[in-house]
Every structure is written in structure tokens, then in C-alpha cells.
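Can you keep this structure in mind? I'll have questions shortly.
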Amino acid sequence: MRLVVINPNTTTEMTAVISAAARSVARADAEIIAVTSATGPESIESHYDEALAVPGVLDAITAHPDADGYLLACFGDPGLDAARELAVAPVLGIAEAAVHLAAPLGRGFSIVTTLSRTIGRARDLVSHYGFSDRCLGIHACEIPVLDLESNPDTEAILAKACAQALADDGSDAIVLGCAGMADLATRMSSQIGAPVVDGVAAGIGMLSAMAAMGLRTGTASGEFASPPPKRYTGVLHSWGIPG
Amino acid sequence: MRLVVINPNTTTEMTAVISAAARSVARADAEIIAVTSATGPESIESHYDEALAVPGVLDAITAHPDADGYLLACFGDPGLDAARELAVAPVLGIAEAAVHLAAPLGRGFSIVTTLSRTIGRARDLVSHYGFSDRCLGIHACEIPVLDLESNPDTEAILAKACAQALADDGSDAIVLGCAGMADLATRMSSQIGAPVVDGVAAGIGMLSAMAAMGLRTGTASGEFASPPPKRYTGVLHSWGIPG
Amino acid sequence: MRLVVINPNTTTEMTAVISAAARSVARADAEIIAVTSATGPESIESHYDEALAVPGVLDAITAHPDADGYLLACFGDPGLDAARELAVAPVLGIAEAAVHLAAPLGRGFSIVTTLSRTIGRARDLVSHYGFSDRCLGIHACEIPVLDLESNPDTEAILAKACAQALADDGSDAIVLGCAGMADLATRMSSQIGAPVVDGVAAGIGMLSAMAAMGLRTGTASGEFASPPPKRYTGVLHSWGIPG
Amino acid sequence: MRLVVINPNTTTEMTAVISAAARSVARADAEIIAVTSATGPESIESHYDEALAVPGVLDAITAHPDADGYLLACFGDPGLDAARELAVAPVLGIAEAAVHLAAPLGRGFSIVTTLSRTIGRARDLVSHYGFSDRCLGIHACEIPVLDLESNPDTEAILAKACAQALADDGSDAIVLGCAGMADLATRMSSQIGAPVVDGVAAGIGMLSAMAAMGLRTGTASGEFASPPPKRYTGVLHSWGIPG
Amino acid sequence: MRLVVINPNTTTEMTAVISAAARSVARADAEIIAVTSATGPESIESHYDEALAVPGVLDAITAHPDADGYLLACFGDPGLDAARELAVAPVLGIAEAAVHLAAPLGRGFSIVTTLSRTIGRARDLVSHYGFSDRCLGIHACEIPVLDLESNPDTEAILAKACAQALADDGSDAIVLGCAGMADLATRMSSQIGAPVVDGVAAGIGMLSAMAAMGLRTGTASGEFASPPPKRYTGVLHSWGIPG
Amino acid sequence: MRLVVINPNTTTEMTAVISAAARSVARADAEIIAVTSATGPESIESHYDEALAVPGVLDAITAHPDADGYLLACFGDPGLDAARELAVAPVLGIAEAAVHLAAPLGRGFSIVTTLSRTIGRARDLVSHYGFSDRCLGIHACEIPVLDLESNPDTEAILAKACAQALADDGSDAIVLGCAGMADLATRMSSQIGAPVVDGVAAGIGMLSAMAAMGLRTGTASGEFASPPPKRYTGVLHSWGIPG
């Protein structure tokens, strides 16, 4: 099975982290194709960045039409519904995948993300996916996305935030709220003594399950059928869909 | 007060319809500035179109920094959260405005939109804004957006769909689910004998109220503070925010 | 357009405050008619007061049949559903209007009201209107309604309560939970650096929008049709509706 | 134990029906005191009637201060929160009691009421009490309240509506939505072969349980403490509360 | 009327406490039959205990087929749905009964239970019965079930936990979260000055009401019809249902 | 990785179907251990059966302590919370797994199960897991569990029910509501042209993902810690937990 993992920002170092996390849990028969977005923000830390990462995400899907599954590796799940129209194979966002795998691990989970200004988006997604009762808190460690790798204290700060969230919220599990934390899940889990879910690994696991079952996005209601042909103009003219 | 109404698609004929609807309800002291998006789809009929309309919407806000309010005149409210970060003045989507004004008109309302594939997006927005219990049904008249003006039967088809929705759902009011229907609200209301809410007029009304009260988007929680400086690359490089 | 603002208590000084707030945001073409209830409590600070303010509210509507909109200027929105049956033009309560305008200003808002015993009513209304997820907290400043004007510390106490609510709840906006605070919104906003919504101004704004659009309460489902003729006896006999 | 049953309308024939239903299920040690409202509508069939029945309800409570429980015998539960402030003993509405006893009888119940215009009020109450998921439908038999006794076809029409509701909604139980139907519950149950809950009997049962347990309305949060002293003017001046 | 109260654990001392609580509130014409489970755990303090108490509960119902009501006297309401299929008369759990009687006593209630690990089950039940908005907190006093009687400090510890819950949650009433606390409700209420609801007494009260009204579990939807005949094997073979 | 799949009924033919479905999607490095319950009902078609299947399920977990994951292969997810206490590795029910994988396949899904009397249980689970908004309908094909294999018309009846559900509910995907249907998912999907999710395969997929990530049930809140030692008596005495 071929699974395409898309880094919605343009920073290739982060794609490497994501790719490694994906490969670490992949089935032996899975080919992981990691793609870096060709246009948009270098990191995603606002609704503005999130929205403007979408053209790059959709372009990456168009460029890889034959996959058995697509994973959008940013915790804001940018462009998920549009991606589902465009792709035939299933598409998941890493926030979506992470909360789907975290919920069955106990009574409730907490999310620990990067900057506090992104908490609102996480809350919207949690609600949209149906996990408002299971998500007992969303917290920020206040490390910017691109500093996660370079900041020597990332691991200590994040571990402290995870432990605090677990205790304050009465949670049984932690969800890491950024693709840039994908390499830290196992160490975090050891340090806090609780399951820690990274959405990249969770997404690969769920897509693998879907692919093994032969599942594709459903189009019966028409909502996720291919987008209708349309003329596009301006800098996005090449995103137009020929009739 | 200066109110900017943005048509998120690139079709200027539709901007004219929107502009007229906005002006028809504006206060005497309101200046209405109607803007057509400079890039993206000619009409919005899918999640794909919706997502790719956002760069044009944000660009239009950046180009008009001094307004007292912004209205996004597409019923998918594209880029609303991002627009709120970017603008200082309040921003509304027409779906948001329409349901806010329709709810107090009775027990519940129905939405009549263009194509059935857009119903899912409308449902998500209704839920997001808190009106799931008030919205008693969402229906499609199956006329594509750009045919609304040219199809000689639009008025008859739409009136029939509105009357049917009213009866089937037990609703007290109708919300029109497309900016391209903005010129039809009054006639629909006469034909079906029930209030019919157009989101463009509703949005101008709500923004006028906000502007008169001196209200601006709140930034205390940090979520809607200006987006942080960021380098953008590719075709969207000019959307980057200098540090 | 003629907009009738009803003070549901019998204190004319408070009607003056309400009237001034209404006029300060009204359109140039709007006539504001402020009415003081002729029977019931001098202020509304309990469910008991709230319920017994309703006959006076309904009487005021009957006495002013030709308006384009009615605003019930008490944060308990007393008699709202009954008023909608009685009036042809739209009716809003100030709690309803305030939360409708506050929600689009950010992620969430907090309410600051007078006495803590009224918090339950506010919570019920917020839930009824669909804003439970947007209202992040309801707080009391513990100043009785009729002391708001006379207490020299009102402004300082209220500003402190607003700032505290904003910080503790992580809100982006404040809603003032009493018509008697209508004159304080602008100063509160300046002091706390966040949008502060007064329901009287919000209600005038929303009614102006509705009136400009020609909207009336819908009667299609029958719920808000005129109340059926009925014989009334006792002190309320004159509220009876002739057949 | 002394239980006061208040008929919120002014029709004594209906009080007789209510009183008989109450007595038929009362404990041997229970004294049932049936009271007819002294002011307001002769029957309650609109929000307007509902609101204007409240002064009479509250007056009846004030006139009977020493009871162990109060039941408001109109399916709109008029003035319930105010009554709870005023009384020391517990207060229930018959809609409240009926849905509390119907829910444990199966997966879900349906309500069959008088006129369709009252369905909205029933829906609000069901939601307020927490039974939205249990109430599978609300239906009207379209017999006005005061015709229930005189209409020779009441029993047949109502039985048909109950059976239809049971089948269409997939319900396990029926709730009768009017105090004037209190004498019909047993016969309806026999005819449709399913449990039929009358709120008057349900309310007496729940109040008897509360009284036997020595329960009173809680005042710890302050919301249901006695209403504060207040000057009332106009026709309602005698409802004022001396300081 | 004959009411069967089942202690789902095997400890007869606890059955005595439950039986006394039941009798203390029963109608003069009620016969209370207290039954101790014949198989399973000596106390119920985990999901594991809860699940394994169910065969004993169902066996007790089969052994007492002619009752007018059944009460499951463990706060986890073990086997409630199965019991409803098996019995013709109504069945209640004490958690269910307690929250149904506590809700009308004020704005909201708090639950005080034994061990914190049982809080999750209580939360699930509260949500299932529709009282999520009314239950403002669930707290543990950390006294194991079988120590409630023997621990000389039970009353003091529990009173402190109840008072704390009332204050911290802003509640108007307390629900005791264990059948083993049934004898303490009145004293707790005196000590904290607020209504305290014991589920055993509440359950007897509600069942008495149902029995007086002639109510039985509804089977119209089929869900609660008698379980179909089935062959059982292993240690549970005698639970099988002959065809 | 070792994954234990437990058939909660005692019918070995059904275990064979389940086992084959599990193996068909398993990773190359996964060992599937299929276990048939040793006590309880031969099939599960009522709340009574569901509850009495739990001792056998828990016994099977105790007998296989070293797995990396457990799947409860009955659509009622019997004993799930208890199983999570007992096992160290993650535990999923097939209803849980199926809805988790079905939700991301479109706007909403429908469930098609065996007998209509089991619909209530399915609805409870869907709500408990957070998917009430995504599950657009639950339908029965009215084939008893043990007839699924022998009835020559099973495939045709089920396909018709699935197609009908898809159309009536406006769904994008179908969830099969019984482990005994596990071998039919692929053929159903071909016949109706929409994704069809079998919970056995879905569960193996999700457990494989969890195992690859090293996830275990969280015990930080204490709810899912090992059940405390306890003396059990009667036929279930061997289920007791030594201190």
C-alpha cells in the first residue's frame, strides 16, 4: 500500500521528522511517500497560516493521484474536506487521527500543543470530530513550531506540560498537538508514565487499516464527489479544474 | 462608517448583485465598498472551491485596511477565522449573519441553497455558530451558482423549494443559502408569506450595529491577534507577513 | 422606522438610561420610543420579579401596535415568546441581542451581571439561544440594579469584574448583564481593552437591520400566530383577548 | 403530608378533573388541596396565556404557605422557577414530572398535546429538563383545552393520536400534554397497549416521594432563595414583597 | 404494592441498610422485599465488579416475578437494561432515581461517592439519563464501600466532602453515590443545610408513584420485550431462556 | 504483535467467521488469537444476552494476559470498560472500532444490524463514543444472528437494507452491526457502491496501529487501574480477585 504524508508547511526539516515518525509504525508492505508543500507558510501558527497552507496541500494530492491514503501532517488538518473531494483514497488529518486513537485509551485525554493561539482551532476540530466530552483540556507549551527541534529545552518543557495536563485534567492520555513533536511521543510517554499519541503515527495506523480493508471516501451523498469543473484566475489559476 | 463587502469568487456580475443588496439596507451614513476577489474560482460549489477562495478573500482585506467592518459574501464563510486575525474591524460571513438574524424570527428556520453537495458545509457552519436546534432543514434547489441570474425559472424553482422547506420542516423563516440569491429575498418572502433572510443584507445590518457601537474583534485570548510574521514561498509568497 | 424599547421595570430613571443608550446607536431614520412598564416590580432581581414583569411588558406592546420592532430591555428577556405572538414586528430581548452580537467578536465571551442569584436565568437564556459553547463564564458584581446609578464605585467595581472575567475565562469579549449598565459599555471597553457589548445598543442594531430588511416574526408553524381569543378574569381581566 | 395542586387557569371544572387525578394516586397519608387560579386566562393555549397565568399561580402559593409540595397543573409549567423561590417545599410542573417518570419506562416517549401551537413550549421544556434524546416526538390532537371534556370524540381522537405517535416515533410510552387529559391516562393505556403518563399523577407521585424524604428546594447557590423585598406598582402592586 | 429492592453485592449487612432506607419512606400499602445477590462481588468498586454483579441481579428478578417494581441498589445501576427486558414491572437504578429527584430541587446538584475510580461510571450514567447540565460535579470521599459502616469517621468525612462539593460546584443539592450511604442522608442534610438525596429512598418513591399509576415498562418498540429464548452454556447455563 | 479476538458468544462457527475477517487484514507481523467464550449465550440479541456474555469475555482476557491488544467481537461491545481495567494492552469493541473508521469516510454513516430490538444498544454506544452527529440512521435486516450463515438470502436481504439505508439517510458509508456479518463487507461494498465497514477488520486495524505505537490503556486517573482485590461468591466465585 502507498501512503502519502503531506507536510502542509514548506520546511523540509519538519518533513524529515514527520517521515521518520510515519515509517516507524508502518506495516512492512507500506510505502511511505513524504511530500513537502510547494507554496505557503514555513510553519503554521495562526488561522491565517492554516488557510494559506491549503493550496499547497491540494496541489500535493493532485501530484500524487494513485495513493491508498493521504495524511495531512499539521494539527489544524488544513483543507481536509477539500482533500477528500480531490482524492479517491481516504484522507485523514493528524488531529483527527490522534483523537480517534486517544479516545479508546481511557476516560479522557488532554492535548498539548505549541502556541496558545492555536488552541481555538484544536477545540473546533475536537468538537467537529465528536470528541468534546473526551477531550478534557487543551494546553500550550508556548514553543514556536520551528523552535521545537532547535530549542534544547523542548523535551523538558513539553514533558512538564504533559504531566501537568494529565494531573490537572484528570486525563488518562496525552495527544501531542503538532506534527513537529512526532519524534517525541515515545520519550514523553516514558517520562510521564501515560500513553502519548502522536497524530502522524496514529494517522499512518488508521490509513493502513483503511487501506487493508479496501476503504475509500464515500461519495453517495454527493458531498465528497470530485469537485465540479471550474475556471480559476489569478495566481491560483492552475488549481482550476478542466471540464 | 465604511463597510467592505467581499465577493469571494471572481465573477464581477455577482459582485454587482451583492453590492446592490448591501446598499439597499445600509444606513445613510454607511459607505459600502464592494470588492471582487482577484484570484481563485469563478463560483464556489465545493469544499475545494471554498478553500481556494480564501487567498483572494484575505488579499482583499489586506488591500482595504481601514474599514469599520468586513462581510464575506459567500455562504461557506470562507476564511472567516483568518480574516478575523488579519482585520482590526469585525468580520462576518453571510451564513453567520443570516442565521443570527433568522433565529429570533420564530421557532426555527430552513436553509435553501444551490447544489446539494454544499449542504454539508452549511450544516457544519450552522453547528459551529450554535444554531443546530434552530435550523430545521437544509435543502438544495439544484441551480448552479452562475445560473441563478440567467436561468429564467430561478424565481419559480426557488419559491417552490422555499415553500416546500417551510411546510416540511415546520419552519417559521427561510434563509437563502447563496450570495447570488441576494436580490431575491423580498420577492421570495412575498410569494411564500414568510420571512426570508438574505445573508448579505443581514451581514450589513449586523456590521452596521457593531460599527455604531464601536465594536472590534477581541484579541484578549490571543487567538485573533494579528498573525505572527512569517516567510511564505511559492505562488503565495506575497501573502507572507513581514517581521 | 419606529422602534419601541420597553423597560420591564417601573423605574423611570432606568428608562432614561436605556433610552439614551438606544438613541446613541440608532440610524438617522429611526424613531426610538422608550416605554416604562406600568405595573410590576421596580427592579428585576429574581425569577419572581422576572415573571411578574411580563404583564407590564405585554401591555406596553399592546399600547404600541405600529412599531417596526420591539426591544425588551431587561437581561432576563421577560415574556419574549408571548411578545412575539402579540406583535407583528420582530421582538428581541437584550440578553438575546447581546449574545448574538458578542459571539462573532472572538472565540468566546463572558457575561458580567448584577446579583449572583440572576446567573441561573442568564445561563438558561444563553443555552436557549444556542450559545452555551461561546459563553465561557457568567459572573456577578453584586451591585443591586437600583444601586448601579447611585453607587459611586459602580464603574470601578464593574471594570474589575469585567477584567477578571476576561482573564479567568480566556474570553475575547464581555457582555453586560443588565439594562442599567447600558451607559457604561464604552467606558468599560476603554478600561479593559476589549469589546464590551451592551444589550440595549445591540438590540437596537439588530432590530434596525431587521426593519431595513422588512423582516417580521414568522407565523408559518402557528406557534407565533396571534394568541387565540380568551376570557381573562381577576386583576388581569383587561389582558383578555376579545374573540 | 399536604400537597397543593394549582390549576393555573381559572376554570373550576378543570380543577375538578385535576383534583380527582391527584387523589387517585395519593398516599393514604396525603392531603390533596386543589386550588384554582384567581386571575388570568380561562385556559392556556399560547405563550401569552402561559405568561399571564403566572401571577395567579404565585398568588396561590403565597396563599398556601405550609404545604409539603406544590404541583403546577398546566403542561407549560408556568412560573416554575419563581414558584421555587417563593415556596419552601418542593415545586414541580406537570410537564417536568411526566417526562421524569416516562423516561425510565423504555427507550423513548412521545408527547401528545392539545393544539399544535403549544408544541414549541413543550419542546423547550423537554430540552430544559434534559430529555431531548428521550422525547422522540411531540404531536397535537388539535382539540382545544376547554373542549376536551365536552367533545364526545375526545377519547377516540386522542387514542388515535397516541397510537400513531407510538408507531411513527418508535416510542415505548406516551406522555399526555395537558392537565385536562388527566382522567384519560388509564383508558388511553388500555386502548394502545402501552404506558401512558399523566403529569398530574406523576407530579403527586414525585412530590410524595420528596415529602417522605423530607426534601426541600435547595437554596445554597442563592438562586432559589426567597425573592428580595421589592415595591410593586399598578394592578400587581399586591404581589410586592415587604422588606 | 410489592417492591423488590435488590442489593447487587453479596454483603447482607449492606442489604439491611438498604432495606431500612427503603422502608423509611415507603407508603403504608407497600411491601418492601429486600434481596441480596447470590453470586458475584462482596462490594462494587470497579467496572469489573459492576459487570460481574449483573448475573446475580438478573437472577434475583427471575426469582421474584410478581412485583410492582424493582430497584437496583448500587449506584452503577448494574444490568438495568437487561432487567427491564426481564421484568414486567418498572425497574429503576438508584443512580437513575437519585438524579431524577435531585434535579428539580434547584439549579444543579453534586454527587459524592466512595472511591474516585467510580466517578467515570457515575458520569456516564448522568449523561445517559440526560442530566449532564444539572450535575455540576462528582466527588469521592475515598472510603471503600465496606468500610462505610465500620469507619468511625465516615459521617465526618462525608459531611465535609458534601459541604465542599456544594460550595465548589455552586450546587443546590447533594446526591449520595453509594447504596451503603443510604442511612446517612438525613444527617448529612442537617449538617450541611441543603437537600441530600439517597437513591434508595428516591427509587422507592419513584417506583411507588409508578405502581400507583399502574405503569409498566413499555415494549412497543420491541427493545424491552422479553429476551428471546436462548441456550446458555458454562457456569451461566441456568440463566438460559427456554424456548 | 499478538492480538486476541474474543467472540463473546459460545458459537464456534461464528468464531471462525470472525477469525477469518481478522486475519484478512492483519499485518504480516501480527498473530491473531481467536477465542470463543466459555460461558453465556449462544448468540447475543438482547440486553440480557449482552450482560450475561460479559463474564465469559472477562474470563477470556484473564486467560490471555500477554497480548498487545484485545478485540471484543460483538456489536454491543460487552464488558468493554471492565475489560480495560483487567487488561494492560488496549481493548476495543467492534462497534467502537467500526464507527471510528467509518466517520472519516464522509459526511455520515448508517448502521445496518440484525434484529431491530438491538438498535437501542447501538444508539447508546454511538452516542457514548461521540458519533451521534455522524450516525445518520440505524436499521435492522431482521435476520437473527445465528441465521446469518445459514439463510440463503442473507446477502440479498442485507444488500437491500444497506442500499436503502444509504439512500434514505443520505449517508456516505455503511457500518455492519454484527460480527456475524464480518465476511460480507467486501461483497456488500461492491453491490452498493459505497464503503462498508466491518468492525472486526476495523478493530484489528486500530489495535495494530496502537500496538505499533506501543500504546496501552491509560491508568493515570485511576478509573482503568486493575480492579481492586475482592471476594466473589456463588457461581462466579472464580472471577474473584485475590488480594
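Order of writing sets the labels: A, B, C, D, E and F. Residues in every chain begin at 1.
Here is the rule we go by: a contact is a pair of C-beta atoms (placed from the backbone, for glycine too) under 8 Å apart; a residue touches a chain by one contact, two chains touch by 3 or more.
It should be emphasised that the depicted structure is a prediction, and the values quoted were computed from it without experimental measurement.
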Chain at maximum distance from chain B, centres defined as averaged CA atoms: E
Homomeric contact chain B-chain C: same or different residue positions, threshold half: same
Chain centre separation (chain D, chain E; CA means) in Å: 27
Approximate Å spacing (C-alpha centroids) for the pair chain B, chain F: 44
Junction residues of chain F, two or more chains touched: 84, 107, 120, 133, 221, 223
Residue numbers on chain C that touch chain B, as the complex places them: 25, 27-29, 84, 90-92, 96, 100-101, 103-109, 129-134, 166-167, 170-173, 185-186, 189, 193-195, 197-198, 201-202, 204-206, 208-210, 212-221, 223-224
Touching residues on chain A, where the partner in the complex is chain B: 10, 37-43, 45-52, 54-56, 58, 79, 81-82, 84-86, 116-117, 119-121, 124, 128, 144, 221-223, 225, 227-228, 230-237, 239-241
